[in-house]
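By written order: A, B, C, D and E. Residues from 1 in each chain.
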């Protein structure tokens, strides 16, 4: 039961202290130019990795708005530097935490700090490396885009913000960069801003995220006032001493942030629309990194978790996973399919996190989370690899097919774009959990957790896996097999090296990325102590899980492979339109609901208030009062009749009043 | 010369009352009459009413100042009359009327 | 009366103390002499003579200023010197100077004699100065009546205009009425006090001091109270306090613009000088009655003045009605003066600000007034900012100061009054005053708008704008000086404040 | 006198004096140069004073200097100085002032000289407001800055300017009068016989004002200042006035002058009337939360006119400031100061850009715009940045203000905190919607006609410079808020007495 | 005997004053004014001020009322030209009268008068002169000026001017 060992979880929490000295399996850091390592301390590396993309973004924004090419090179260079430093930090293995006070009022202070532990190391590698590959890919993909500078500038801002989240050592700092990734995602979705759909999608994404952040910020503030700190290390240190004030509300509120960012139900609506952005953006932000930030954040604050909150989280994740996979079946747009699969995979991760605790629900709260964190982060990593791979693959396809995105207008691309085909196929195999591929291991870990803890969840997740295999194979078959169903597809061509090389690298990672148990495995090198938290099934459980996942994969994939004909229209729609429509509505319902709310409820309410404001407040009361005074004024003016007698009467009146005063009438 | 008042029992109050009545009558005239000249007479009447009280007080308080003040009041009244009548005459030249109700062009 | 007593009395007639008044009065006589003995073409210099006389009188006061012993009684108690009396003298001389200036603008438009105008203005000025220093009801009444008679003539001076004469008649009748009322009040006081003999010297109800003592000893004597209130009623006519303000708009409109200014500034200020002296020095024992009476007067005056001014479009009537509201604010100061000594200074400060501001406005009005002096509509001010920016600027400054807007001096005046009122705990009066100020903003800005804003908008087209003669150097200098004084004193009250707040 | 104090006086005097010079008939080409100098110098001076401000400034006033204007007997004297709270506001006034001035210089306003004169007077008044220690002159300078606003709205204003000018005038005069009464009341009730804030604080510390009168005076000040700061429901002048006001006037008023009321509450009302404050905060907080934040938030959503939308949004953000004050704690007050500065900068930038947009689209109706970003990318970038700032995106100064205010609010009331944070969503909605309607998507028919008639040019440098100044300031304080918060924190260090009244610990 | 005299004179004065107010003809009004003046002069005599009575008759009956009559003749306002009073006027006048009566009643009820001292000598012309030329010298001067401006005023207001100097 190694994965349940206190050490595992303890080391996770105690990770500010170097968990590994020096550089094991030293071979890896031989190719790293050791000058870097000696030149700067690791802290300076960390600061550099944060600032390099910011610098590139600033330079681009200020000077390179018109030099698109130059801007792209600067940005890619920055991303390369990030990746390099990430690897240096990872291999150097030092773990540290520093912070500097940024704002203080009385005894309340907000500080920015860097917490570089195993969790951060893993995430930083994923972000840096995948990000770098995607940058390179974009060089080709966005080559003839007019607003290249803006695009790459946006990418750099995103890298900066994302790395900020990864390195943050307290909740306020996470929130700051949380907002910033939201902004950069808005910027990049809005890249084709002349398209109304893009403008709307970006707006939707930002606002929906704000809704999530509403809870997030409340949670942070509540956590601050309950524990008088929001620093992860301090919180973690309070926990064993029993000083930590637990409240179900805090984790739930914080989870709201994750719901928004990781597009869980009911805030999942923005992610599919976000596909309006350029494909590399979808790959980087809306598949690999940003949407995973929610899970990362949950792992960060795991000490605050309590059982009820975890329960909610688990169910949210499960339902999202299942719902999204259903929605994915009927999509025609290749990116939409991938988007929904992303949703459901994120649901997997969230569910994994939520499952983690329940494994240990015996009062031993401190240990509870470990397995969940392990599984979630594991899946996050592998998913980052293969989903980025598939998005880039789809990007390459779209690029080849002259920006045709409808899978029913593709087909027969296997010969035209062989590299894309192979790499994409690897991605598909990885996501549907073909043994030996990355997805297989991570998904198994999660399924095992589920089986251990909650059969219903287990069933749902397994079913999700079936459907996942089903629609992925559907896409794969319709896209690459058969004959070209449109002249765009028939004239498709393989993309250049700039785009294929990243595909290949990601494909390799999608294969080896999940080998955590072998001594030569890659994941432990990346994740360090996190890797040791992954729940590992033994004996019978191991067998069942293995069988289940194999069965799941074969059933789903086989069904899709047999069922779908490579024709111009959806076979399911022909066979059973009822089911098709049902699934379609399943997807539509949420958008409809939200649109109805925005257009009919919210806007009408605003109009009503505006009407009241204008008519009632501004006009009736104020104007009314003014008019009344005006009338009185006219009346007062009318007293000056010009007749002497009237005036004499006034004098008489005045004298009489004075006389009355003298006679003491008024007192 | 024997003070006539030595024998009188109608004292200061009656004089004060009388002057008040005259004052009121004058005021009433100013209210009532429409002929500017008559209004002006009534105003003079009011002044004289005050004068009467003044003399009475002066007499009964045994201070001469009141009576001296009467000289000033009379002179001032005369001067006012002169100016007033001049204005009225000039007005009549312009408007050919001295009826108050027709002199209400300045209003509002 | 023994001869030596008479001798003493005669000896107490220290004429030197009245040098300024005597100078002004003699100058008035001199004007007539000059008119007779100089050829006609030289008559246009006569106004300059008047101005010189006023300036000399001013100099005389400034030179003799420090020699004044506070509370020194002259002429056997007819006159009482006091610092505020000096202030009043300076005030009246200044305002008469400006009235002469206005006259030099307006009179040449008519075919009327001018020398008499300046003569009467000078005599009235002398009377005003005496009035402010009088310490005896006889002196008080005589001086007051001199002023009133002078104003009868001045108001109807443009006698070839029927409206002017109508105004003259109204002022005549109502003025005489108020004089009668006041006289009756004086008589009642005289009678109530009776004969007071202190170590052989006989005092009567004409002397302020005696009245004050009497009221202090028996404050609930009906005759005393009635007389007091009737006198206040007479003064209320001068200052235009509700309901005795009713004559103001008509007379202001009908009177020639310089006379309107004279009425608005000097006559009102005379009223307040008298009121302050009487209320603070004489009637103060009756504060139980006076405070409610004056408070009601003040509140009613503020409200009546502002409300009736709201929709007024005739410039002169507007000045009159807004002047009424200013009288209301000043009355608050008078009430406060019963309890807070510094309030008197505040009232005089306010009067000075009022002098500067309204004289500036009247100056502009004098330039805009056409041949028909009584018809000065706000519409005539359209395009003023374009054609005569100087006049428009001076107008804006003056009106702003009247409205009590910082940094203009009018605001300081209001501030000092309000502070005094606060110290006197007259909270509800303050509330009324605030409402009044807000209302006044409306019509003052309406006027400024007419002069400044509308020329850019469309509705200026049909406004019958007048062609305004450009002021000569004198006019430019005086108006600029007034405006600058209004602004600078707003920033830096130094001399004026320290002089008045002693 | 130390040269820093001299510098402070100079910064205030320069605009006023140059206004006088120009008014006395300086030829136009010199006038513009002089005005430019007069707008720039205070900004430089403010930067110097800011840089020179001692790190351990404490709550004292610095750069003190005093001048007797003849009302010393009344305890009134022109006493200038800056403390930790005044310093940021002074800086704000200077920065917005230079931006507004530069923008005014390029605007082809008819009768430019008068325009500049009024603007300079306004600027001088603004600087004076925040530099005056004497609360009488504090009020005095405010009015000095307020009057030109009315005139500018009246003369150079846009749609129904006469009505707007009159309404603004009446409203703000009422507010000013009430607050003046409040100040006089403090003067009288404190028995200190002085308007000098330092003396007043000392006097009150020695022997506070009676609780009853404290409550009345605070109420007076709250209503008076509330009108000036557009506290719901006394706000109706704001959208109308800003909708009509010429850009520079709107920038200075909405950006700086409006903060007068809040500044007064922080500097004067809270320290001098702690008990009164404690009795009013709940009313204040409810009004601000329900009225300013929620109601006005929704009303803002419904606006179609760009400037009106901005006006309403600034009304809404004032709600946050009031809430921060209601928290009655160092955090809240400090947050309010940050928020005032940040909002001042951002709203000024927004009003400026709104005018620039209007110059290109010849309309302010957002439903007649769209797709402008294709024609004017730089303008779009600036506008988006300003919008993001105003909806509290990290990296801009506003974020820190709002964050600290929210944190402070929690101790006051959780529910009001929730409402306030919900307001952040609302502002995101209308902010992004505005940006999208104006710049993104496809241009409307109406706009296409206009743009074909006279094709819009992107921001020229005369417009970019002020925008850059404001944006740079926003970013500076956004990236390093401590530059602002340090003096404020020190000024608040001996926290208002009423903090004791407010619950500090969470457990209750 | 003095009492009867007082009563007679008082009645005479008041009645004639009332007639001044009420009758319609301006000339008659002036006449009745003279009558009431005579009555008042009589009262002055009763009050041991024959001097003042003399002056009163001289100035008023002699000069003022004569002037009035003169002007009335000059402007010859036709008697009865006056329109009958409107209801409002009458009501208002009644109200005014009521107010005055109430006022007089309050006066007669509330007035507290200083009791007269023992006899003092009847003032002679010499006394007046002394007072006027010592104590009240200044007011006398002022009154002089007032008469002067009154005279000038009358001239300005009534004299016909040919084009005065400088007037364009």
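Throughout what follows, a contact is a pair of C-beta atoms (placed from the backbone, for glycine too) under 8 Å apart; a residue touches a chain by one contact, two chains touch by 3 or more.
This structure is a prediction, so every number in the text was calculated from the model and none was measured.
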Least hop count linking chain D to chain E through chains in contact: 2
Contacts common to chain B and chain E (chain labels): A, C
Central chain (distance from its CA mean to the mean of all protein CA atoms): D
Farthest chain (mean CA position) relative to chain E: A
Identity of the chain that, by mean CA position, is farthest from chain C: A
Two chains sharing the most C-beta contacts: B-E
Chain A and chain B: spacing of chain centres that average the CA atoms, whole Å: 99
Inter-centroid spacing, chain D versus chain C (mean Cα positions, whole Å): 43
Between chain A and chain C, centroid-to-centroid distance (C-alpha), Å: 79
Intercentroid distance (Cα basis), chain D paired with chain A, Å: 37
Per-residue overlap in chain B, given as positions that touch at least 2 other chains: 12, 16, 26-27, 30-31, 34, 39-40, 56, 61-62, 65, 68, 72, 76, 79-80, 83, 87-88, 90, 101, 103, 105-107
For chain C, residues contacting two or more additional chains: 138, 142, 145, 149, 152-153, 156, 159, 169-170, 173, 177, 191, 194-195, 222, 226, 249-250
Two or more partner chains touched - positions in chain E: 89, 92, 96, 103, 106-107, 110-111, 113-114, 117, 127, 135-136, 139, 143, 146, 150, 153, 157
Contact pairs between chains, per stated definition: A-B, A-C, A-D, A-E, B-C, B-E, C-D, C-E
Parts of chain D lying in touch with chain A, wherever the complex brings them together: 167, 170, 233, 236, 240, 295-296, 298-299, 301-303, 329-331, 333-335, 371, 373-374, 377, 388, 393-395, 399-400, 403-404, 406-408, 410-411, 414, 417-418, 421-422, 424-425, 428-429, 432-433, 436, 439-442, 480-482, 485-486, 488-489, 492-493, 495, 506
Complex contacts: residues of chain D adjacent to chain C: 23, 68-71, 73-74, 110, 136, 139-140, 143-144, 147, 150-151, 154-155, 161-162, 165-166, 169-170, 173-174, 177-178, 180-181, 184-185, 187-188
Chain A residues within the chain B interface of the complex: 637-638, 640-645, 648-649, 652
Sites on chain B touched by chain C in the complex: 12, 16, 19, 23, 26-27, 30, 36, 39-40, 43, 46-47, 49-50, 53-54, 56-57, 61-63, 65-66, 68-69, 72-73, 76, 79-80, 83-84, 87-88, 90-91, 94-95, 103, 105-107
Chain A contact footprint on chain B (complex, rising order): 27, 30-31, 34, 39, 100-101, 103-108
